[in-house]
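By written order: A, B, C, D and E. Residues from 1 in each chain.
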Amino acid sequence: MKKIKIDKILKDGKAMFLAYDHGLEHGPTDFDDTDVDPSYIIDIAQKAGYNALIFQKGIAEKYNEQIKKSKIPLIVKLNGKTNLYKGEPVSRQICSVKEALELGAVAVGYTIYIGSRYESVMMKEFDEIQEEAHNKGLPVIVWIYPRGKSVENRAEGELMAYAARTALELGADIVKLKYNGNVKDLKWTVKSAEKTKVFIAGGSKEGEKDFIKEVKEMMKAGAAGIAVGRNVWQSDSPLELSRKIKKIIFD
Amino acid sequence: MKKIKIDKILKDGKAMFLAYDHGLEHGPTDFDDTDVDPSYIIDIAQKAGYNALIFQKGIAEKYNEQIKKSKIPLIVKLNGKTNLYKGEPVSRQICSVKEALELGAVAVGYTIYIGSRYESVMMKEFDEIQEEAHNKGLPVIVWIYPRGKSVENRAEGELMAYAARTALELGADIVKLKYNGNVKDLKWTVKSAEKTKVFIAGGSKEGEKDFIKEVKEMMKAGAAGIAVGRNVWQSDSPLELSRKIKKIIFD
Amino acid sequence: MKKIKIDKILKDGKAMFLAYDHGLEHGPTDFDDTDVDPSYIIDIAQKAGYNALIFQKGIAEKYNEQIKKSKIPLIVKLNGKTNLYKGEPVSRQICSVKEALELGAVAVGYTIYIGSRYESVMMKEFDEIQEEAHNKGLPVIVWIYPRGKSVENRAEGELMAYAARTALELGADIVKLKYNGNVKDLKWTVKSAEKTKVFIAGGSKEGEKDFIKEVKEMMKAGAAGIAVGRNVWQSDSPLELSRKIKKIIFD
Amino acid sequence: MKKIKIDKILKDGKAMFLAYDHGLEHGPTDFDDTDVDPSYIIDIAQKAGYNALIFQKGIAEKYNEQIKKSKIPLIVKLNGKTNLYKGEPVSRQICSVKEALELGAVAVGYTIYIGSRYESVMMKEFDEIQEEAHNKGLPVIVWIYPRGKSVENRAEGELMAYAARTALELGADIVKLKYNGNVKDLKWTVKSAEKTKVFIAGGSKEGEKDFIKEVKEMMKAGAAGIAVGRNVWQSDSPLELSRKIKKIIFD
Amino acid sequence: MKKIKIDKILKDGKAMFLAYDHGLEHGPTDFDDTDVDPSYIIDIAQKAGYNALIFQKGIAEKYNEQIKKSKIPLIVKLNGKTNLYKGEPVSRQICSVKEALELGAVAVGYTIYIGSRYESVMMKEFDEIQEEAHNKGLPVIVWIYPRGKSVENRAEGELMAYAARTALELGADIVKLKYNGNVKDLKWTVKSAEKTKVFIAGGSKEGEKDFIKEVKEMMKAGAAGIAVGRNVWQSDSPLELSRKIKKIIFD
């Protein structure tokens, strides 16, 4: 087994990632005239010293020079979908591991919707990615979101822990989850993930105070970091906010 | 990363393409005794100095000599479907990148119906095409049309911008869209596409005045060009109309 | 691009083919004690001087010696289905191009049901066959039949022309269609097919006079030939009838 | 084309096969303490001098030594399914041709449910098997059973003949069918199969007299043999019954 | 045929396995603060001298050093799913045979839900795994569980025997089943499995006395061993309980 070079995206086992795959997942309704531009995001990441940037391959390719110049490590998402289709969710591979490597990625990401009718299609695809990435020493991040008709009315805390454990069983190095707002549940989630590191998705924009409070909670509960997006790049003072997050995570 | 030779189909970053895949997409109801003949289209493209011709592989193959003689660059569409099936739309690959290259193509095109039940099937197929084409320096054009039950009642302007952004995230060099007639929406669409160039689909035949007015609007809104079809080759004076369009785009 | 050796199955750009894939497509209800035997068909083809025989791979293989001895060129159908299943029609590949070549085929055939839910599955499969066949100089014949729930209530003439045009766009050298009995529609169909040659399927057995009248109509409308089956081998005087057809086509 | 070594499983063009794939197709309800053991079956085959044994790969592998010692030629079934699922039937490949050869098979078998929604999936898979097997000189046996909602209320005799003809068109060397009990229908079925040999499936256990009478009928109608299972190994005197069958077939 | 090295996981043809794939199959609801940690499981296996540990690839990879140090043979499960999706069950491959070997596995496992709409998808995938594993001398364990709408109201005993026989026919070396609590049914099940060894799944936690009684019954009925999970690692005295089980199995 090859050594997984996870230290390229972690510092002391922790990290803060700047995520920006919203253009595909939600559409440009998430953006304004400023943050619609990937350059703006790369700029924030560089100035605030993020541990990595998360892009789809299109942006990773078209802004490659700027990303490289920024020296911020690149994570490429290998699947994705729009939010338009209303049936059971499925997100298939739209970038190969080989391509991600050529774009300079030091880690790859993939989303699995557990509970969906197509869960097994995504798990199988993820396995092939995980095997290829690990053979090249590349860490693998899995976004796991319980979705679809079958998970309606299921307890959120239980689902959060299930998502974390699924990531461990599938061989992910990092799992990115949505936090349900309950510290006790998150502690159990982190415990369930065992050697897989738990990262929390920033979620929609909220008041800065509330957001900072949540980040503190997450880190206390044992999360290894946060993958933040809208809360930072929709902020009026993204660098200042990033500085605060960084302090919570690393101090 | 190989350099993408997009300049073969652009002039000063702009272009006017003559599209003619209607025989497959709509059937010959779009044609009359004159424009049913691909030679007529090649002839218009050559005389009017279009930046490229867009054909399916069948026409690209059977009229190859004439296309080469015309010196008009060739774009080959790599998927397509009839308009007969009434369920969720899916259009699969019907020409390989290798084949397009052998036919002399300098760029390839592919249609994705976002919002369709089969969105992920097309996105995955597009990814493989994009990777292969870019590895050979070939620019990739994506037609993105929101379709299927899930997108009924969605705001057209929002969908147009979403289509443009999807193209960027997927790594297309050019996106071809349907214009909803609202300049403000188109500006935001062009902004959302960032480094991916926005081309507008000509649409059904309309009055020449209205059409010319629209082309002006599009270009002012930041589009890089137009992929025109019926409005030109169904016109009584296609060369004159082409000349007018050209003037709007390049002057 | 390799030269397509279409002259092996055409004479002066025209041809009459003897089709015999009915055993799979309709079952032996089409046969009697005489014409159930492929040898009988090969014998007719040889004596009447047909331009080619059309078989599924099973018959092409088991009667290979006799076919070769007859010197009648062989066309192998590469897909097929029974008429038993009542849902949306799909016919998948059941013979490879390589196998057809080894059986001595000088052309290959494939059926696409446009309008079916599975249209795109067949179009994609056809593309791969067409590419491989053309790379080996082998002409490709496509049977295109509009089918499935979506095409109910569509005008037959329009569908016939759409079928012909689809064949051109997909790169077929010959399209085999069902004639709707309207000369004007057929003329437009032939026009829509442009460089793809139009062949008419003989259809069910009818009175010889009516049949001969129809063949005359088809040829006058611009068809390149006919792929006849039941009308000939169910006839009491197949050689005489074949002679009449031949005269209409080539004189 | 390679010579198909069908003589390894036929004697004077005829044969009696001992079939034993019931454990997968019906479950052990077909067995008792004696015939549940594959050794018992191999023993019968050897003592009664069957022309071949028909097993799934699991039994062919685990009882390989005993099969080889018996000198009875081995036919391996390449697909199969349980009888539990109640929807449209599909049986996919569960043993490769390569594996069958390594197990010592001198012929391979495959089941197609014509009329099923998945008919085309099985036909395509069968084609690939047939091509590979024939390239290695291995005869191919196809079980064809009309099944699924679409064939309800269809005339049994017609379906039996259709099954036989389908086998010929697909390139099978032997077709195994269920006999509908009508001699005239079976004669037409044998005629429809032409160069593909018709074998009858023994079916459920019935009175020995009735069974023997049926075998006589089948052979008179032109069948090349019988693939018997339950009627023999559920019999109190399997060797004696086998001797009677043998006499009918070969004398 | 290569020799299958089944002795690596059996002792005198019998074994007790410690199974721990519950994190994926049921979620962490099966765990508490102690047994949520794979190290705890490995520790029990080592101290109690289990014949093998059963893990998904994620745990096999992340705890690889510890597993190797324990000297307990490793069995890697090659498919799996969450229990969230409520439709017809399907579990696809999420670890390759090659990967399992690199992780040090001496056997591989796979689950098939017979009776499910997707039965044939799993059987086909299992076949490919079985062939590859056997080519490398690796024993193959199949979990067979009758599931889905079609098996509702079917007799449990009959289904248990059917599961066992399916394993034999598919070429598994060991089948893992759920015991229905009826000794006579289990005897017939063991008989139906013939050369495939029958292992019983431990099932949910129950009173120790009941559990021990059941293990005795299973072994008397002819099972080759037990794959125990929750009953052991949820126990207050897992080593003592393991010792008791061991005594029953091997004495």
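Basically, contacts are C-beta pairs under 8 Å (C-beta built on N, C-alpha and C of every residue); 3 or more make two chains touch, one makes a residue touch a chain.
The structure presented is a predicted model; accordingly, all values stated were derived computationally and were not measured.
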Path length in the contact graph (subunit C to subunit E, fewest steps): 2
Mean-CA-position distance for subunit E and subunit B (Å): 55
Rounded Å distance between subunit B and subunit C, as computed from the means of their C-alpha atoms: 34
Residue numbers of subunit A (touch at least two other chains): none
Chain ring listed from subunit A, with subunit B in second place: A, B, C, D, E
Contact set on subunit E toward subunit D in their complex: 1, 114-117, 119-121, 123-124, 126-127, 131, 134, 146, 148-151, 154, 158-159, 161-162, 164-172, 188, 191-192, 194-196
Interface residues, subunit B side, partner subunit C - complex: 21, 23-24, 27-29, 31, 33, 36-38, 56-59, 61-64, 80-82, 84-87, 90-96, 99, 102-103
